[in-house]
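Structures for review follow.
Both of the next two complexes hold chain A, though its partner changes from chain B to chain C.
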Partner chain A sequence: MTVQMIFLAFFGGAAVWFGVVVFRTHSMVRSALALLFSQTAIGAMFLVMQAEFLGVLQIMMMATEMSVMAIFMVMFMMDPGGMGKMDMTHQKRLSLWAGGIGLLAALLLVWLPDWGPVALSVPGAHEQAADLGRELLGRSMLIFQSAGLTILTAMVAATMAAIVPNAEQRK
Partner chain B sequence: MILELMIALSVGAGLFGIGLYGALSQTNLVMIIMGVELILAAALVNLVAFWRYLHPDEPAGQMFVLIVMAVMAVEMAVGFAIAIARFRVRGSVEMEEARELKG
Partner chain C sequence: MSILVVLLSLAAGAYALAVIERWAVHGHLSLTGPAWAALALMGRESLLARKSDRLFFELGPVLLLVAGLMAVAVIPLAPELIITDLATGALFLNAALAYVLVALIMAGWGPNGAYAMIAGWRFLGQFIAYAMLIVMPITAVAMRAESLSTVEIVASQAQLWNVLYQPMGFVLFVVAAMGLAWLPPLDLPDATGELAGGVEAEYTGVRLAVLRLARMVIILALAGATVTFYLGGWLGPWLPAWAWSAIKILVVAAAMLSVGRYMPRIREARYLALSWKLGISLALANIFVVGVIALVVPI
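Moving on to the complex of A and B:
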């Protein structure tokens, strides 16, 4: 058992555990924080897997994203602190079955196939970043630009959807 | 090394199962978005594991991760915009009460 394996299992277990906490706690702010910890543990897994750039990006991006989510939680929830122990779930049995079957199917897909030879080493962090840059501005330029355009469209769409229509526009 | 790949992919499977449960069982729109975020996080873990243990010399694997991160940001922005629109009109983001798409 290598050190890398131990850290991967530790951060993986943390990511799954905090994922469970997201839906188990009554406090919505705690839910957002648990999701933040889960995503940070995933970022740490990336670092263990020697994807340094992606690991740091994941942690930075999710820290911001989950902070915004926590603010929205406080704004929109009737009971953000979870003091009233409100039950905000429905079709629980169906969801448990769907989640359980999804988990089992995914685990079967992971453990049954033969994945072939595993790579022992990866390029250094500097080389990885340079290769990724060349990939983004070369072969995958169109996909990269499409992603940028999609984000721009989503920003415009989000702003338009959030604007309150006046009485005339509502007709 | 193959065991490390299995650990990473199993974590992805676990996150997928939890996210699916959350997205289906929650009545609040923001909590549903959290479930979808967990499902996308499972995809991220799988993509990085495949890149690291099967094709470390192929930068396209990392490019896919960036695309999924962009999808996560887009999903959250549009989801929250819908939440704001719904909250302003109806005063709640409970999806049990949302029977039609008209705001």
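Moving on to the complex of A and C:
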């Protein structure tokens, strides 16, 4: 249990530290990849907490998502390499307030509700994957399928809106 | 113990693969060739581009190697000969291979060179198009095995190998694997003809040696995945289990390396369009067909 706590604290610390790096660096690619490693550390925390499927899934999904974000950041920022020492922060007062309120809300959420007893025994990884599958294709199926379909529709619509038809297609 | 055995066989496999690649490219078989080439790389000056992103430049090849080794960890060479038999092995393989993308973006962005950067971002497009064609065929494989554990996936093929059970998934997976390992004719990130080496362009000396080694490990990991998921892993008559794994993995890897020598490189836009429009539809159809077969005739 203590070894588990040490690893959990280590990966938690890593997640927070990489989160800080996101804002400290001027390079957009470094920033995006720091966010990726922060999320990977959270995936490692899942693994430490013996939620194997969730951990592996988190580690897998974030790699592609953050890489895609990196290319958009490079495309839209004026100084993507951070070599021009341009200040890209803005609305600092608002961000401070939003960050402070977010932190407060997270702390309240941790301390105030009654989370019930801590799970002392965890089902094996095989059972966890099977249980998760039954949950996703049973009770929660409608929620997840409608969320998935909504995201897919949004993606198709966004792509269609982004495509500028060229001269040949307009005819 | 099994970690040591797997790592040693990985080293031997990487060397054998280097010999085969040299044979396929230059046309003459030389058993000591890769060793001399590696020594030459070690002795060569390691250049560093001006205003490079040093951290990414150094970390790129290393992360590539780590991703390859992680992927190898869940590939069984025999029933007991596997580094870790995770309950989510097939998913873990994808997770490890996703970091090939991160490593190549780092290696492309790091040296502050136009060719390398274009190549890195080009691999992003290529990877996102082909990641689905890795994941969806594996879904169908896991459906038949009723498990994500790679050992159980091999065991599920005792009656009939998946290459016959779901041939469409096999073809999609192999094409996607070649895209993921940027093997010719899908070697767009280091397209020698147009990008002058692409991601590899700015690397020299020891760093290039690590990059090349990492790529060999990734090719072996993907060949191992193909064998595990479709060619019955260690299953086979007469020979011991590990021998069957070794033979199959080397044959698949050699085939992957050789195919590109006889095919022209595909233009990037066409290659991506093929994946999104044809590949993903076929992969979904494959899942459906396998699902129906699994329900109607359980073998």
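Brief remarks follow.
The rule is simple: the second predicted complex is superposed on the first by the 154 of 171 C-alpha atoms of A that agree within 3 Å, B and C clash if a C-alpha of one lies under 4 Å from a C-alpha of the other, contacts with A are read in each partner's own complex, and residues count from 1 in each chain.
By our rule, a residue touches a chain if its C-beta (ideal position, glycine included) is under 8 Å from a C-beta of that chain, and two chains touch if they have at least 3 such contacts.
It should be emphasised that the depicted structure is a prediction, and the values quoted were computed from it without experimental measurement.
Once the two complexes are overlaid on the shared chain, A:Ala106 sits against chain B while remaining clear of chain C. Judged by the touch definition given at the top, the superposed model places A:Ala44 against neither chain B nor chain C. In the superposition on chain A, contact is made by A:Met60 with chain C only, not with chain B.
Residue contacts after overlaying the shared chain place A:Gln128 against chain B and chain C alike.
Contact with chain B, but none with chain C, is seen for A:Gly12 once the two complexes are overlaid on the shared chain. Using the contact criterion defined above for the overlaid structures, shared-chain residue A:Glu52 touches chain C, although it does not reach chain B. Of the two partners, chain B and chain C, it is B that touches more residues of chain A. Shared-chain residue A:Arg30: touches chain C; no touch with chain B. Overlaid on A, the two complexes show chain B and chain C touching the same residues of chain A, namely 53, 57, 68, 128.
Per the touch definition, chain C reaches chain A in the complex via residues 51, 53, 55-56, 86-88, 91-92, 94-95, 98-99, 101-102, 105-106, 109, 112, 121, 124, 127-128, 131, 147-149. Of all residues in chain A, only 2, 4-5, 8-9, 12-13, 15-16, 19-20, 22-23, 28, 31-32, 35, 38-39, 42, 45-46, 49-51, 53-54, 57-58, 61, 65, 68-69, 72-73, 75-78, 88-92, 94-96, 98-100, 102-104, 106-107, 109-111, 115-116, 118-123, 128, 131-132, 134-136, 139-140, 143-144, 147, 150-151, 154-155, 157-162, 164-165 touch chain B in the complex they form. For chain B in complex with chain A, the touching residues are 1-22, 24-31, 33-35, 37-38, 41-42, 44-45, 48-49, 51-57, 59-60, 62-63, 65-67, 69-70, 72-74, 76-78, 80-85, 87-89, 92-94, 96, 103.
Within the complex, the chain A residues that touch chain C are 27, 29-30, 33, 36, 52-53, 56-57, 59-60, 63-64, 66-68, 70-71, 74, 81, 83, 124-126, 128-129.
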